[in-house]
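To keep things simple, chains are lettered A, B, C, D and E as they appear, and every chain counts its residues starting from 1.
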């Protein structure tokens, strides 16, 4: 039996029944009433409705509470938003709660609807969780491709947008790293507890944990990458600045003294004997050429040009 | 029974009584007398009155001693001050001590007053501690919003105030990280000890620990964020400096040689044949245009403009 | 018995038989059919064919599954590509799978062919794995030599290619570090499990683990080295920029005031008395020499030149 | 019974006696003779006299050997020197050794002299050790205040002395961090061993350990602070350099082209028609104003001014 | 009995005999023959002759294999080379192997020769190992002194050699840190195993371990020091660059406008009325003085000078 945003017609479910209640984007007060009617403790309801909690796993008498952070519908690799999804997993009921649409929940809902009978609650929950994690993967692959492009562009043609794109990635990857760190520890704990109870390894739990571990590892890798790109850019920029400054200094060093000489003989003093030498101008041109050549030789010797 | 800054009328409390003594901002010597009269060991009194101790948890025969660091009344996210709050938690008494007003204590005091009877001492203490931690949250949320703004401003319009604001955040977040690190370990230890004694998980302890863990995690995240913003700004500034220097170098490289030529023909030598050529001036203008064009082409080719 | 890219003529192998099936670079669908025909679970087949999975070790009822990342045929220290290689190691069968040619597999294949009878499956697998790891060593030694060269070149003659070469090394070494980190944990786990079963240390397992540990340690060392080179270059570039700017500033500071004076007496005002002094020009030359000398002395004193 | 730099009149001490021998700044050979006469093994004597050993804890048959590093008499927060202090703690004797005056030892000596009878050897040793650690605290508080000042000065008025002061702090804090790291581990180990023997927590040991832990934590905090200040200064300096360069570039960009034009019409060609236009000069002034205005508008538009 | 580079006259040694065979710098093939004749497994011989293996400890049936990295004969703190030294430690034999002269081995050899009878094999080995580690100490002390000098020189008089000296130290210290990390873990493991067998602490093992720990700790300290010096230099250089640029900008900003004015009145237009004003020149001089004063005041106000 499934219900969406409303109380099921009987509660608790019969022993041989499986009920899934999905509460998406309904009014907070109405939601609270339903949750209380389902027998959830008031403190727990507060926790569920809290808009910003880190992912967590908590065992209660009648259910296991799990809070994850999924990708929001409109997220892209350039603009990432996340969505809190709560799971209350009982023996024969599953309550899912999210403040906004969750594609992972919707797809699982359709799958279950098509099959006409819900799986055991925990299995359904794990399928949704697997979907939640899988949905991050293409976004991260996009990001990896983009970082590869950025790595090449940085060397050839950096610009302000590219650099502030990097700053933005760093912020988002830092947050994701934190989230996935919680997820990894959560699934590691849950896997251990489930397998201890079963007395044997569980493939679904292993897949959930490995997905979390891989996400965490990828995000750390990308975070470090972005940092190294930023550091590497600074080296490159330092190098280029040195080259630019050498050009500027060479030009200045050569022309400024020559211009000074020209200025000197452009003065209007009544008595400047050189001005009246027959070949004064030509001698000066020679002197200037000599100065320029000497300076060029000097710069060449010190490897500036 | 509650007393504020004075000895209760009888001590120790009767077995079925619960006494809370709150000592806020009174004279140190008077405070010492009261504490000694309450049977606290002299060494312990010294510890309590010490103005700068890191948070700690210590079990004594008659009570548990806990020292936390709360937010001072006048703190804002821009100017954070902290306040030491000591707790001596006995079976049927609670002594709280803080050198300055503590809103967390005051609110709990009013709550207890309204209820007319204090809770069991440990419960009262945990409520105050929860309040102490909760009061950091809005300040940190403010900081997060501000960091989001700073991230955007840094890219568009950095200035000295913005950058020294960042330096200041780093110092405060470093200190908070240290404090919350002590809190997290303290509550983790206390939770473990309490739950071992109870033989079951305790919800209030879990909430205290999770709050400490979340504060620690948030503050680490913000500290790293500030560091990354500062690093990212250096990349951006390196990039912009390169652009500025290119503009400067291009202008210099083009006009300095031309000005030299103009200076050359502004000289007053008697014998400069070019000056008397009919189209000397126009030829020179052409030559100058040619030089400028060649240099522009060169700079374009090396992607400077 | 060995087969390549096709099903063996009987399956499962007889008890006293050892079969090695190698599946390299064949069509994905055909591969899937063969794997299913060999009795591999569909979920496992999916895992094997997934193009990007981190290295892992997994025990199944009939075989041990190991996924490693070897060096691709065309890799060089300048352009590193890796190749996923899957191993399914049963008691008397070994299935290897790689999407592209693997020299490590080919060499082991030839060795086994020459011996006319395959070793026990696990031994064959370990030999291939040892080869996979050994093949990284010469590439890393090349890289070490190259880094030594880069270290010297950076000091003497940095250029954009050198610096972006460093950025590229950092990206590749970061990925390799992650891969070898997985390998080290994998072989550490496998070694422990195998030795626990045997009840004694196993030399082949020890070699595999030590090779993984050494690769991980070398790659970390090189990664840090590249980072330090990049940081060191920034120090050097800062130092050189300072020197360049001093030269530029000294030249500017000396000639700009002199040129101003020259410009002043190049003006065409009717009434500039100095122009008509008999030794005006020579006095000015003296003044200019004095200014230049004073400035040079000043710069010398402040150690700029 | 106490002796200073000489052998006590009988040795070993009687069972109900407590002897403290303090060896400060005496000749190495004489010291060696005394130590050997006291029955200390030659290898141990070597260890004690070694001028540079990291802090350590070592259990011997007749005594516990502890080596700490205290603050030298003349140390200030600006110029820190440390001093090795060895303790040999027997059941009824204490030998302290330091190559130079130790205020912590001297104060304890006077305290014990005043009391006329030494405490049990271990208690005396712990009191000295507590003093050694306490003496670091005011120096660290001074440093904290100074760092607060430096943080403000860096933003407003950095200079070479300030920056090399920071470099110096970093070196000293790095060394202190290492020393306190050894101390923390040493006291943690000793506390554990003593409390295991006693079967209950020991307050003096707890105080020693907490002091060590606090010193280690403070020094780490200050070390990170100095690093962040240095990093933050680089951001600020990058920002200011950009501003300086913008001013320079704007001035250059505006006046260099105008000066070129002025130079052009200062040339002495016979035939420059513009020179003879009636309003040539005024038209040129207008053109120059136009160019300057256009450039100012351009710079304003690109937010350079 | 001792032999150098040759087989002893009988093998294995008699029960009450102690044989030490030292193989230094002989032909690889000859060495291999001797090792095989001594009953060393071929795989082990390969390991021993491998030119680049990280330090390791390995227990075999008849001997313990230890590989260390000592300082090469010609090493200085400026140019460090290391040398692999293998030890095969049996009950009554010791085989040492090094591809080049080892002073530690030579000194131990002379010591043993002087004593006419070798110690028990393990004791001899430990003495050599202690020497190997002790030989690093003076080199590290030299380095510490040099780093102290570099710290002062960097502030006063940095140059390219100094900075590339730092880059070189970082590379060598990174390698040493890795080597000493292996040594520390190796001696920690060996100490534990030996003491477990003996059932009591062993002084020689403790000294070996503590030497390794101290080397590791010192090298980490120096590595961080070099990094901090390099970072600190960047702060200092940023500061100085700002000062240089301010000087350059002030000079440019003052003289460039004045030179422009001079150029303006150096133009040869027929009609420039100002040129014919009686006090035109003097008024212009006043205006120029005014402009310079205003700019100086402006720069002073913004604290540039």
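In this section, a residue touches a chain if its C-beta (ideal position, glycine included) is under 8 Å from a C-beta of that chain, and two chains touch if they have at least 3 such contacts.
Each chain and its UniProt protein: A, B, C, D, E = Magnesium transporter.
Keep in mind it's a predicted model, so treat the numbers as computed, not measured.
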{"item": "Centre-of-Cα separation between subunit D and subunit C, whole angstrom", "value": "37"}
{"item": "Distance between the centres, which are taken as Cα means, of subunit E and subunit C, whole angstrom", "value": "23"}
{"item": "Where subunit A touches two or more other chains at once, by residue number", "value": "231, 234, 238, 240-241, 245, 248, 252, 256, 259, 263, 266-268, 272"}
{"item": "Category of the chain touch graph - line, ring, star, complete, other", "value": "ring"}
{"item": "Ring walk, subunit A to subunit C and onward", "value": "A, C, E, D, B"}
{"item": "Subunit E residues within the subunit D interface of the complex", "value": "151, 154-155, 203, 206, 210, 213-214, 217, 221, 224-225, 228-229, 231-232, 234-236, 238-242, 245-246, 248-249, 252-253, 256-257, 259-260, 263-264, 266-272, 303-304"}
{"item": "Of subunit B, residues touching subunit D in the complex", "value": "43, 53-54, 56, 58-59, 157-160, 163-164, 166-168, 170-171, 174-175, 178, 227, 230-231, 233-234, 237-238, 240-241, 244-245, 247-248, 251-252, 255-256, 258-259, 262-263, 265-268, 272, 274-281, 284"}
